[in-house]
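Two complexes are shown next, each including subunit A; its partner changes from subunit B in the first to subunit C in the second.
Presenting the complex of A and B:
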């Protein structure tokens, strides 16, 4: 359980990390909000309020961030966008790990056949520039939650697979692994019970970095018009719409940008401090 | 050495071939007929069949594949589905624009990364180092469509110094190149900083100082040369980020490059054009990464021996 102890130590280390933790937890709560109370964030079209500037009227939260080009409250849009970002992000990271860890384990298990096969597969997928394959996939498959998650997972699993493979190859000749084998543990038990826990801390760091990366990628896809579709208020889509009114109504661009930035920055800060305290090799860098 | 290069070239060919195959399979095996996309789902069945036959899409899959690869090898990317014009010259023209943008972005990236890395390493632990760390993390976290929009707002709308969009001369290159380059610079700069800190603590640096070599020379010549080695590896990996970053940056600044062309293909559902763009982008990334790898071997004599 030292992992959790170290994690707690890492997450409560300094003010920046605590603040980032707070931001992430807040966004998670906001993301769950529409599921608990759907009527709380009405995304109605209200044409008379088209592109109205922000008004700081305490009794009317819908006007805090102004209104967009069809009179929908930007405040409610930004809050609902958290659910889109985080659900796509978490699902993609989980799915990537579910594919990447077993494949990485297989590649690192010492059987050359699997290793060559999986490494070649990774080589091929890595030869597409990062966003190109998701763009092509969502363009061909069409948008929607599942398609976006699948498109981002197709190249997303490589990171965790590489990590697990490298860790397993490094651990293969260590004494405790040989001891476990000598005691008659099956290869699968050696891999998943004895070796995988050693990769846990680096996987955790990788997870928080890749969550930030996936959220950015989803926003990028939505910005390009290839995201979840119109019924889901994604931050990237709001931003792409805001570009047309940059001169007259900059508030349309400012608030979704701030939301996306705060979440991604917080996740990156968290990942950075997790790495600093969980990964002894990283040192102070 | 020549055997190494041969194996290397073989791998290059294999990967490019695999990329082409993946793109072909994606195009053909995914649900939905291209005729639906071009003619509309409610077009007549006979019209759709005629269209498919005209583009050779009604033949067996392996026939389509072999003619697709044959054409690609000869530099023929097929025709645009909407107007029947050949795709290859269009891609070539747009690709040059993307290269122009990417090369300028790379120059921005390298110079900013050197600044971030050297200042961060020499002032490690001080307030300016921490400020640089926060700035770098901001640029790593901020996607180009946010930094780009902010820059557009500041320099084109508010100050009115630079053109808003398009590609009229070098003026309109400044903002997109900066936006694209600074993200990469932030990552490279962090890496350079840690490798420079490590290098500066080595014995040979102390020896150089004790011989009376000036600080500028020690850092600039003795340390930087070794500290840059791991960074060149990163550069190879970043070519891809540069190309995919270019797709979004081109959209933000309406730069007429390959990324914009790719998004045009997406919105027109022109899968021939789309796959042409994907193939070019990927093969360029593979070749560029290979080039950086060769460069790395040249700079680092330890690598050449392996």
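Presenting the complex of A and C:
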């Protein structure tokens, strides 16, 4: 209950956090639109509208952000792109946690061989520059939702594993853990029932930062043509297409960039607020 | 201890000197060696969209860049005039002594760069390799063009004879294989760099993934019969696969010239806003873009489906908005003005209603209407990584969606794209044919025996009546008769629609004002590189 209380406190602490929260909630709602009501965001090709500039006509929202190089509405593309970014982001973070938490717990459980094995594996993966492994994997496996999520998870699980390992090692000699062991709790119960809840707040903060990072990484892969493919509108792919028309049709780059910026910035502000509230060492809550 | 200190200092200095020498040596070598970059005025830099696959005359395949470079390096028996007529180069005279025998007299005095004259043994050996192959080496991809050649033999010190199994009217226009010295033919594919086997105006100096360099052949002996000693010392072909990179490289002066590899909207921009720095040349080209189908895919075996796709497409709209009007709608393989042009009266005009009816008749009902999410059928169109071609494919996908066909556009790197095509790993694809000369090109593309690797019937289309007409046309000596037969063959193609012809592009060259003397040709050839000067 304390965690949720702290979270509520963190999310309502100042105007910037409230605004960030609003932006994230807004994008989440937008992301659900194409699934709930696909006819609301038609991504039709209309060649006569090729690279038409934005027109602020209230009755025709398709033209608000202008049209791209095949006459598709940039406004609808930006809105549809939110779904791609957030779904890839959330799935990657969840999968990374599903892999990272057990591996981190094993490494931090006090068994040396697990620790050495998992830590060395993490070191090897960390020796690659951040986007290199996902690029290599998507180039090898091809694009598509599952492949992109897998490629981003391969290096994404390390953060949560390191965090859980560090927390478990710190908690290992605490009295409540010793007491649980003395009462006959199995190692698994000690790890997942007694120790893991203490790492929850750190993991929550990490998840918020990770989500922003994964959204940027997905945009990067799509920008390089290694993303979900043409049938899924993506902000990165829109930016890639816009490169050719930066001077003649800047609206093609401006609106997807703003969308990406707003979501990533809002997620980072939220994560920072959560960190400040939930981290006892920060002391500013 | 003291008396060793001088030794330690000496060894230390020696090591330091050695290290310095190792570090500086490459720079001294670079200063001493003649550098390609030494004089910009002597170097022309051309942007290429894709790496030539091979300029070894034995293995030149169907990619345009290889075909453009080959005659600059290795002179063939026959080339083509600007109007597309065969023109003797290494051959002095070509004569059919009877319908099955061709005698070729070799021109005297043409030399390889190594110094030796081209003789009839070289020509015989080169053509024997292409037609019949050689032990331990892969077969030539060009052998399909010579399938009727039964025997090749030397008949005198300056003459050779080709004996055919059946008459072949297109033979002369296929005698474009660059001649190699006979000693070169045992070498591995593409293992010809720097050995002086060239006889053309340029020598191949470098063939890497990122750039190819050709250098003036100082011993070029083609000038007396119409060739020209190049004016530039080097031509560097930079391989820039990304459209934006090519455009930016031209703007920044990293390359001097781009032919048919600038997007149409950028061509218009160069014409209108950058005319002071760049010159644009336009010319109707021998180029035909098409949407082709793989007949092994069940959907495309029904002619009603293919016709419905043709009817659902609005080519005029794509041409106007995506290609900035730089082309004209195509209704057959050869453009108007070409010797074998066919005026297709049966051309499918844009008609969504008729397209829907045909799809219904083909059993592809649209249960929830064209606006509904359930498509009548789904297929994918493969295109190489080229922004304009991707835009065209997307536009076609958008138009087909209106009749309930769901099209996925799959973008592949060029070599992967070609591999998929030749393996039949494709449902439909968009590509152009460029530089065709003879009506026999139809045989190469549509005859059922010309599936890869011996031809370009990549959709595995088969029509016995068409095969018969194409075989007859190939055997027919009279040009009038051949024209008539190819008209009949093209009438079948227009009914059957193995290809939906899209447009004949306007060819374009954009070059910096530093460059003068470059001329654009309808077939996209680079032969005018010999006349180019760079300020």
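We adopt the following convention: the second predicted complex is superposed on the first by the 282 of 285 C-alpha atoms of A that agree within 3 Å, B and C clash if a C-alpha of one lies under 4 Å from a C-alpha of the other, contacts with A are read in each partner's own complex, and residues count from 1 in each chain.
Here is the rule we use: contacts are C-beta pairs under 8 Å (C-beta built on N, C-alpha and C of every residue); 3 or more make two chains touch, one makes a residue touch a chain.
Predicted, not measured: the structure shown is a model, and the values here were computed from it.
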First, second, both or neither for A:264, with subunit B first and subunit C second: first
First (subunit B), second (subunit C), both or neither touched by A:225: both
First (subunit B), second (subunit C), both or neither touched by A:184: neither
Which of subunit B and subunit C A:243 touches, first, second, both or neither: both
Touched partner set for A:71, first subunit B, second subunit C, both or neither: second
Dominant contact partner of subunit A by residue count, subunit C or subunit B: B
Partner chain in contact with A:50 - subunit B first, subunit C second, else both or neither: second
Footprint overlap on subunit A, comparing subunit B with subunit C: 225, 243
Residues of subunit C touching subunit A in the complex: 243-244, 247, 263, 265, 269, 314, 317-318, 320-322, 371, 373, 385, 387, 391, 394-395, 397-399, 401, 408-409, 411
For the subunit B and subunit A complex, residues of the former touching the latter: 15-16, 18-19, 22-23, 26-27, 30-32, 137-138, 140-143, 145-146, 149-150, 152-153, 157, 190, 193-194, 197, 239-241, 243-244, 247-248, 251-252, 262-263, 265-267, 269, 271, 274-275, 278, 281-282, 285-286, 289
Sites on subunit A touched by subunit B in the complex: 120, 123-124, 126-133, 135-137, 139-141, 212, 216, 219-220, 223-226, 236, 239-240, 242-243, 246-247, 250, 253, 257, 260-261, 264-265, 268-269, 272, 285
Interfacial residue positions of subunit A with respect to subunit C in the complex: 38-39, 44-48, 50, 69-72, 225, 229-231, 243-244, 248
